[in-house]
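Structures for review follow.
The following pair of complexes shares a single chain, chain A, combined with chain B in the former and chain C in the latter.
Up next is the complex of A and B:
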């Protein structure tokens, strides 16, 4: 590099110092101290900040011991996205900003449990890479855990990385498109395929995928299989019409087929007692979540936002039935109950109650923070969280498999992207009634053709029922498609023109 | 000054518009001026020129209430209130013709479709502000290729014998496509018809997002484009209802109606 280039770069950095300092102050713990509503909140955030860093440092130490300093450095070079995960405290800072009391504490706690979970996933990936079984995101690895397998969810980082840094998935999306994946496909499978093609994911000894939730997701596994060579793959085939006994029987057989496949291609065997324990844990979490929803029906709600959706997103999809996840839900319910009993709302700003339909705004996860502090819009629940299935029947292996299969077949996104339109619409209107909502926000992921197709019918029905509807254009993982400013503008126009809402921040 | 007057100022990307209403709701003055770089300057120019048409008003500072709208509305610091252009177009249209239920607002830099209820309130809206294709800027670029002014270009397609398909997904690609078509000696009127049809189809897509309910009208500067109006009516298969006032000032008119209602 020439000397004058170095000089220019240094000069530019110095010129940008005020802007960089401002950005740092806004995102950092120091910045939080300046904006913290009360010293109490600053202390709580600091506590979780320290706990997150302690867990990260412990994992780094453990990795150096297990892999050796060179091995660990190699792992970081092979998986450079791990460095992005170090910014987990930035997420707490964003989601908990301006919040007070129990609401604030639950948000910090939720991000902390996610951080611990992520670290656990990294342990699985790095410490036992030779025995990894790869799972698609909509096939939770409860069954594999019942078999004592070491699992890896391929789509996980495509979900987690943009939550932490909004443009984190872009390089992977570009890689997938450059490798021939159609650009109009959903950006989550694209990001996953990009990571695989770049060689930044572990390979595993076997893979389980499915035809869920959409064509892009299913098609992405053609690229992944090609990139992984001859990895043995089992593909779960979910029936299109699934609210009937025949479909349940068929899918249960398919799940049994998956277990046989895993027993054939891994050294592990199914342990039904362990499986039962995991499902009992899942049932306990479901019970607690139902209690939480019941409390959310109260106006104003004692708990809302990321404490509800992020908890479900992680704990039900990644570690359902795990003692840590059960404990998290127990604490969440306890804290919400505390608010409820003392008549303390999650936020004093609650003016409007909303649900978010379709996947969350991954790269702009704090948009509801903005909506809450600007217009008093409180996110009560969302489509990914609204998994209203029955508890798993743990009487026998057959009943366990059948009812677990039902939770997958009838799970969020899966039931919404297949079958008649009622599967999509009925849930929305049930939620409007159940939570006494003022509006419905649809995150109109431009890469989701199924969701796009439903907008017209939803609009007509919402209009007939007098429910204000915001269809907010965005892309799940690619902020270049619709910018954050544009997303805010859409929401502002809706609040101002349709809801006739006054801003509460001015 | 014996009467009270109410003002609406729509600061758009290409033009600034001002409308003055008297206390009986009669439109006593209107003005359209080209936009300056500074939206505040644009608004002052439009208001000063509109107020000059009302002898007993004596300047915009004497307006009883002033509402600002349009993309530059937040820069109209002297306005009593700012209201979004979506609400203002809805109100302006309702003021002109209460039977209209669906509006296509084709402005200089964006296109919006608005669905309104029986009181002129916004039920739903959709907008395309991510690209210039199908906006006033697009038509300006097209007319430059044809070496015509906008008025001339807007009537050109009316003489077409057939429609030569043109892409309007991107104004840059459309521009090069049109240049190629002209170079191949295709009749300009047929190419112009293709351009109008392509823009109409884009509007139709946006209209479908909010649902088309008759009557339908078009507001904004591009509503004066006769070829576009004809093509749009053909695409949506519904007659486009003309407005009694200049469609370009509907936003400012709506703002003035809101101003009058505040008193």
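Up next is the complex of A and C:
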């Protein structure tokens, strides 16, 4: 390397020092202490910081024993993104900062349960790589777990990585684009395809995908299947019009087809008793979630933000019905009830109640922390969490299959991306009424064409109903498309010009 | 190159407006035009009794300012073009619309049209994304429901007899067009790609019975023609919607000839004839619809799509494939990645072009095609 280059690199690093320091202070425990939290909150966060590290270190030790030091090192080289997951404490630091009391504790606890879940996924991936069944993100593992299969969600890390480090997906997105994937496609399938191309995902023995939620996601599986050497693949096909008996019957047959496929391509068989237990667990979680929402209708809300959306995102999509997930929801409800009974709001800053429509801002998940501390905007619920489907009928295998199918078809993103416009719009207005909201935020992911094409109608209908609407442009996983500063500016313009809101942080 | 004939000028003229003089003539005689935008709508069903199908296109689209407000500028320019024309009253002769949720763009076009125009007859055909016995039955029922709705709304005769007659009419028409298309297999084809596409598009955008005499005239004419000699390369065009024959003319201006068309508004395999057997007409049409479309929305069809392209390249003796994709089309945009590499693995040169619905950037297009032909050593 030439001396000039060394000099330039050093100069650049020095110039970036303030930015790097700021980032470090934002993410690290030291930085958290510098933000002058109350001693109680500092103790709680430190407790979870230690628990997260303990879980990580235990997993590392377990991996070294199971795979051997060389095997584990090889696994880290093959899946370098695992190292990013070590920064999980940065997430709790960001989402829990400036929060107090029970709300603060639920945020730390939620991130901790996600950390434990991630570690469990890594165990599945590394310890039994030969027997993995690959699943697309909108086909939850429930059925496969009923069959005792070891599963791997292909899109999972495309969701988790930018939550932890905002630029973590960029190298995968670039890889997919450089390999010929259209740059305007959603960045989640791009990141997933990029990981597959780089060989950083396990291959599995069979794969289940679907036509959900969007064209890019569904179409990407033609590539993935070939990249995996034409792995046996089953594709679930959700009808366009699904709120009718005919569609439910068709989808139930499709789900049965998936079970037969899995039985054909894996050594496992469906255990309906185990399946029933999982579904009963899912139903219990649904019951608890409804209770939580009922409490969050109270003004000011006893619980909000990431405690609600991150809990649902992980526990309902990855580990629904799992005892750990049920326990998490029981604790959440208990803690929210404690706040409610003692008349303590989640945050004393609550001035405006909002919902977020469309997927959360993955690479800038703490934007609502900013909105909360700057303008008192509290995120009550979001489109990925919100649902109004019935519990699963566990009477017989047939009823289980049919009502699980209904749960999938009527799940978040699925019911919003198919069927007439009412499927998309009615939920928004229903939430506004149910939670007595002051505004709707749309996370306007530029790669989501179906959502983009609804903005015109939504804008006019919100205007007609007098609902303030912020359509915040961003890209789901790529912070280069719209920067964090730009996203903040969009929110500021909205709050100042439309809501005429005064800043509460000055 | 052959000199443009009088008949080809007729096709040109018919493509100047979505509601051409043949459409007006048919409407004046009491017939009912039904607009559709996707190959998954079986034309034969809409040819029954007094109905006639019109493939929606937006010729001479200058801008989509109105449609952008609703669909956003990140949706493909074809769907925006259709909404713009609809909002501009350019489809006011249409009595009904039939859509397919073939992609998010088309689905939302239906939603926006429903919201903005509230057409009297606006139907969405729920076509499954994979083919098996269950989905075939579903599709059969879907077609039957559409037919019932058409019969109820327009008083059209959608009986089995009427549908079988419509299927026979479609077969007569499609076999004439296909016979012209087959001439392109010759070493010196008597017709170039732009001319052929003009015929196809004009026939999709006109009542079939009224345009058929012109097509037959043209067929007689080209049978007398000398073939195109000294073309630098024979190309196959693959992709989604392609309406403007000028796009092919620009490609062919570089000395090549487009001999095969595997795109939504092309004839391979869109102009297959229907195998009319003793099954119910709806089942026949459902099977036919799945067989005549090769869209990346079909989740399990990649190999069939790939093999059809490879077989067509061999059959038409094409030197290379031009893959044209409308910007923002996720289905073709994502599918292109494995498709391009699979074709190249099979020794077929591929040029991937991203374009807008309307022809633009002609200079750039010429340069890329020229470079592609040169890269093939032609």
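What we mean here is this: the second predicted complex is superposed on the first by the 482 of 506 C-alpha atoms of A that agree within 3 Å, B and C clash if a C-alpha of one lies under 4 Å from a C-alpha of the other, contacts with A are read in each partner's own complex, and residues count from 1 in each chain.
The criterion applied here is as follows: a contact is a pair of C-beta atoms (placed from the backbone, for glycine too) under 8 Å apart; a residue touches a chain by one contact, two chains touch by 3 or more.
Predicted model only: the values in this text are computed from it and were never measured.
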Partner chain in contact with A:226 - chain B first, chain C second, else both or neither: second
Touched partner set for A:455, first chain B, second chain C, both or neither: both
Partner, of chain C and chain B, that touches more residues belonging to chain A: C
A:486 touches, of chain B and chain C: first, second, both or neither? first
Touched partner set for A:182, first chain B, second chain C, both or neither: second
Partner chain(s) touched by A:250 [first = chain B, second = chain C, both, neither]: second
Contacts of A:446 with chain B and chain C, given as first, second, both or neither: second
Touching partner for A:371 - first (chain B), second (chain C), both, neither: neither
First, second, both or neither for A:235, with chain B first and chain C second: second
Where chain A meets both chain C and chain B, residue numbers: 455-456
Chain C residues within the chain A interface of the complex: 69-72, 74-76, 101, 103-105, 107-112, 114-115, 124, 126, 128-130, 132, 134-135, 138, 141, 296-297, 299-300, 302, 325, 327-331, 333-338, 340-342, 352, 354
Of chain A, residues touching chain C in the complex: 179-182, 184-186, 189, 193, 209, 211, 214-216, 218-223, 225-226, 235, 237, 239-241, 246, 250, 253-254, 257, 417-418, 420-421, 446, 449-450, 452-457
Chain B - residues contacting chain A, complex: 83-84, 86-87, 90, 121-127, 129-130, 208-211
Chain B contact footprint on chain A (complex, rising order): 455-456, 459-460, 463, 469, 471, 482, 486, 489-490, 492-494, 496-498, 500
